[in-house]
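Chains: A, B, C and D, in written order; residue numbering restarts at 1 for each.
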Amino acid sequence: METVVFALLNGLIYGLLLFMLSSGLTLIFSMMGVLNMAHASFYMLGAYFAFTLGQHTGFWFALFLAPICVGAAGACVEKWGLRKVHARGHVAELLFTFGLAYVIEELVKIVWGKFAVAYEIPPELNYSLFELFGSQYPAYRIFMLAVSIAMLAGLWYLLKRTRIGLIIQASLTHPHMVSHLGHNVPRIFMLVFAAGCALAGLAGVIGGNYLVTEPSMAFSIGPIVFVVVVVGGMGSLEGAFIASLLIGFLQTFAISIDSSFAEIFSFAGLSADGDIGRITIASLAPMLPFLLLVLMLMLRPRGLMGEREF
Amino acid sequence: MSAPALQLTDLRKNFGPAKIIEGVSLDIARGERHAIIGPNGAGKSTLFNLISGLFPPSSGTISLAGRQISGLKPHQINRLGLSRSFQVSNIFANMSVRENVRCGVLWSLGYGHSFWRNIGNLKEVQRKTAEVLEKVGLTDKADVPAVLLTYADQRTLEIAITIAGGADVILLDEPTAGMSHSETDRAIKLIEMATEGKTLLIVEHDMGVVFGLSDRISVLVYGEIIATGTPEEIRGNARVREAYLGDETEFAEMSA
Amino acid sequence: MSKGIFGKSSLAALLLSGSVLSAEAEVIKVGYIDPLSGPFGSTGDAGVKHFRYAADEINAAGGMGGMQVEVIAFDNKINPKESLVQLQKAIDQGVRFIAQGNGSSVANALTDAIAKHNKRNPGEEVLFLNYAAVDPALTNKKCNYWHFRFDAHVDMKMAGLTDWLRDQKDIKTAYILAQDYSYGRAFTAAAKSMIEEKRPDIKIVGAELHPIGRVKDFTPYVQKMMSANADVVFTGNWGTDMTLLVKAANASGHTVPYLTFYGGGLGAPTAMGQSAVGLVKQITEFHENIEASEKQMARVDDFEKTNNLDYYYERVFTLMNMLDKAVDAVGSVDVPKVAAELEGMTYETPYGEVTMRADDHQLMQPLYISTFSEGVVRDVENTGFGFKTDITIPAAATETPTTCRMRRPS
Amino acid sequence: MTDYSLDRVPDLAPSVRYKFATRVLPLLLLALILLSIPLFEPSRTWLSLFNAIGINMVFALSYNMLLGQAGMLSFGHAVYFGLGGYAAMHGMNAIENASYDGGLWAAFPMFALPLVGFAGGALAGAVIGWPSCRRAGVPFAMISLGIAELVAAAGFMFISVFGGEEGITGDRMNGVELFGLSLGPLGEVYWFIAFWTFLGVALMYAFTRTPLGKLAQAVRDNPERVQFVGYNPNRVRYLVFIAAGGFAGLAGGMSAVNYEIFTPESLSVIPSGLVLLMAFIGGARYFAGPILGAVVLTYMQSNLSDYSEAWLLYLGLLFIGMILFAPGGLAGLLLSGTTALRQSLSGKGLVRAGAFAISALLSATGVIVLVELAVRHSNGFGEAFEPFSFHLAPDQMMPWAVGLVLAGVGIGSLKVLSRQGGMGS
């Protein structure tokens, strides 16, 4: 019981953080067809911007300002970089963002130094909200929960209730149609890219102090975000949401399972001393998303909710 | 009597709720030149895609020389002797004209996926490639990258790739689309010559081409064949007139 | 870009490197092979600054055996193969002393390659001075004559931590968490056997390995520890894996001691901040609040002022000074003789006497267990927090038996 | 055989002279370079750099079989390099053991070890490629990323195979000697690397000339059409994938002998990313592109880091610059440069190429000055950037302004120039 409740709670938080990251990536992918390899780098920028801004304005302003700054950075990248390679196809765009990830990491090192920065949870939220089975539940997590749900609601409103949202939605299902609509496509692309980056930036603002703000944070979370987007189905926000939670739960549950392969497959005579028998489910937890990714692409390439195979 | 070169039996294709092909049956005899006409959106290209294996049919069967091919993959169907072209030029853009044709030749000569032979030393491949190029008149452009060809030449190359494998049944999807008059005339001559002795199924908008070239014509309207017959029969068919009522120019061409 | 100024100047430098060798015999070159770029670049960068500072000190005092010391840094990107390329580069530039510390995989590659090089190129021997790679095998199963280690290895540090545990009578259960690779496994094995040996009454309620650098949220691990009622946590984690663990522990209100090797590692105090206070203990040969002479404190201050970086690697100074002593005694850069001199050498550091054990070339030095605290005299990384000593473990108490069978060149 | 009745069939094959000039001569040139390098009596530093370059050439070319030839973007090619290398490493230890205990391996020369690597890489390609080659494009890229992460993690978990973090070591001076090479000194290892580099390059070039190689290019250009000339594009991709895995394994085997150590991180996404950079920066569209990329990037990796700690930033900028301005890579630049030179006896093209080169140099210099100043400013211990005995201190305004002006003028004129017509594409 205890384990299940904790796994659910932790999985939810982690899953929602992943969703904040992957929603931006999904938006960008579905509108522009670009799989932004540097997406996690914008997440990192969000954390660093919030750290620096927070020193002057406090956390609460930074919460709004930092994503805007990241969005602006994203817009610049789109306008002066991505747009130029657009004509050369998706692989070129993918490679461009791949290079961009390198550059952003090195720039962050130059600007903010190579070590982690002291980006901490604001004192107003740094207390334990309630106690559950003897373990404290920090208020900041509930705050993260609230922010991600607010973001989800905002995104939903934007997509379902506004004009630009309708255009974006149209492009989700009919990617080639938008250009016929007579809208200013490059401008929409720039806005969408900026918005996607801003979402990643927001995830960085609330994730950076919950986790650690350091130059390698993008590299370490980046691959997981791709897993979410692919498993959920490229271009599907609902899918990304479900996949984020799925991966969040999967990983936290796996950690609570201590059995090793030797125990599980003891009927097959697997020895606990061998390399395989030694492995426990818990130790595999961080690898499970990648296993899921490979299986999903092989068995159901359009993902959980995707409507098209890329 | 030997089996027809191509036989469609009650062929149907749905995309979700949309019924695109609704029960098409058609026999095409060996050596016949058969055209399929019909208004836009009638399902002509879908029919080609079904026959060539790009989509699996929802129901019904397709037989090639008596052998059922529905459900096979495009490359398997091609190996059985059915080759098709595309409405939009579908060539290997970054390769030279000669290499384009050579790709069409390779399988039929039995070189499969071999990686132990130098392609330059395969005399047979060279010879057949040269023959095809000569036949379609692209010899002097053999070393030009395909992407740099003129539109008409790209269409020609499209046909060249299609016939290169020596398939017995050739499907051409609007081979003259977008061509000028003189280019169209040349293209028809080319098609006549290249498909000599073969079975030809052609989708074409240019009625002049259709009536000049084909032995028989089928009219496809909203996924159904409303008439099949010789050019004369089709010209006099009332239902065909009705179907084409909205398209005066085309009908005028047809009657001409 | 590569055709710019770098292309030309590096070409010139490389062409020169061969010919200048003899002319520069007056300089002793110490080759520092560690990551200077990439994710671990920060750690390597800090190391080289310690080495350079120590070299400057020695040079100011007349150099090694009358010769000036120069520290040349080579970036190995913490990649074993790249390290071997850089090793070759260093040797060709006349480097005879190689210093390295980050990554046991690199250390294993280097010690192997240096032994082979010394065998294949007599008269051109190279010494490997290891300042931080703590895989016990380096001075046990894989020991060789050309390798000297100046950091206490896993088993020794674990012996220290479990010594502390011996006196904590109210601790009844322990949990072990480490990264899933050779060091983490060595850590787990050492923890298990030494807890068993020194406190057989303690129950090990969990021993877990997790993939290195892959876990984002350690809360599930912490909650497992809490469910198991662990009174103390042994963790081999370092870098981000440790800071994330500590933050998660603090957030969940898990207030038991976390025994670490690298709690004070560069960058960790900043990242952990308040959350680690009272929680994290470390075992090291140095932290700033150990009592020492004024001269030493002045050195620490000066180092921090000139480098804008915390003084961390006391052992780098030990290493350089012992090398200085050995070269002084030999009077030249005769590497086999210097090695012979280093064997069994004792040296007085600001924190007590240390000995290079001849059996396995492992330095025996006093170790300190300290707790991350508020209200310290000297803080780390300007965080306002610092380490307070809990206990001191004399050099002799850290000695663990070695399986090394040293083969000395005849 | 044929039912065509044509009077004459022209011989379209290129002339013997053309064939020699474009196909045989470059390989002869490579052989000549490889043979003549020892004549300059390079230092061991250079030798070990050449060895690393040779290995990376084969590795990058094998990667380009996927990217450049078959149009498959992989983020996990190091898996095959690594698995091949591990196979070779186990082979090396088997040879050593057999030299004491006897056995089949005793007769296996160390020199031929890359063959074991090839087999290992090809086998891994055959196993992993079977499921992953059923998809192309972005799904294939994502599968390769997932598999690379999984294999890299497995590398740390299965100690008996991969040796854990510290990997597996061996001694190459065992077994039967071939060509009188003991493989002890670096000079002898050079011959070993040179032999296999040449063989690898020649074989991979030959591969592009086979029916399968041509089909791979067809699949890259237009996978849909390939189906309608009788080929299954997935099958073609799969076969190319196996071959690419094999050659990557060959490079892994060369690496095993050269370094005598193999560690799991050589399986990871980092070397996979690096080989992608090599192929792309060199020019994925040209066969020789990855060769150039391997030379430049290996040199940068081993030596640029001596001069700047920001070398990764330069690498990233170079990569992005290539994508933006010269998608043909270094090979493309070189080619258009020589074409410009050849056509420019009139002078105009020469001026243009010169202007391009100068503005590229200007912007590079400007960017370098700025980056180096920023790095020193960020480190914060008052070090100055001193190229060619200039003194540029980060706490003064002047050096920053100089950098900005240089970069601004350079990039500006590059823009103007490229608006008048692209270069190197």
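Operating definition for what follows: a contact is a pair of C-beta atoms (placed from the backbone, for glycine too) under 8 Å apart; a residue touches a chain by one contact, two chains touch by 3 or more.
Only a predicted model underlies this, so the values are computations on that prediction, with no experimental measurement involved.
Here C-D and A-C were compared by C-beta pairs in contact; the pair with more is C-D.
Set against the C-alpha centre of chain C, every other chain centre is closer than that of B. Computed centre separation for the pair chain B/chain C is 73 angstrom, with centres defined by C-alpha atoms.
Centroids built from CA atoms put chain C at 35 Å from chain A. Each chain gets one centre point, the mean of its Cα atoms, and the points for chain A and chain B are 48 Å apart.
Along chain D, residues 153, 157, 159, 310, 312, 317 each make contact with two or more other chains. Residues of chain A found to touch two or more other chains are 109, 113, 283, 286-287. Shown for chain C are the residues that touch two or more other chains, namely 41, 45, 180, 211, 214. Chain pairs that touch one another: A-C, A-D, B-D, C-D. Of all residues in chain A, only 2-3, 6-7, 10, 13-14, 109, 113-118, 120, 126, 128, 131, 133-138, 140-141, 210-217, 219-221, 224, 251-252, 255-256, 258, 280, 282-283, 285-287 touch chain C in the complex they form. Within the complex formed with chain B, the residues of chain D that make contact are 1-4, 6, 8-13, 19, 206-207, 209-215, 217-218, 220-222, 224-232, 235-236, 239, 243. By the touch criterion stated above, chain D contacts chain C in their complex at residues 43-49, 52, 153, 156-157, 159, 164-167, 169, 171, 184-186, 255, 259-261, 263, 265-266, 296, 299-312, 314, 317-318, 321, 361, 364-365, 367-368, 379-381, 387-388.
Within the complex, the chain C residues that touch chain D are 1-2, 4-6, 9-10, 13-14, 17-18, 36-38, 41, 45, 74-75, 77, 79-82, 84-86, 88-89, 91-93, 103-105, 108-109, 112-113, 116, 120, 135, 137, 180-183, 185, 211-212, 214, 306-308. Chain D meets chain A in the complex at residues 71, 73, 131-132, 134-135, 137-139, 141-143, 145-147, 149-150, 153, 157-161, 269, 273, 276, 280, 310, 312-313, 315-317, 319-320, 323-324, 327, 371, 374-375, 378.
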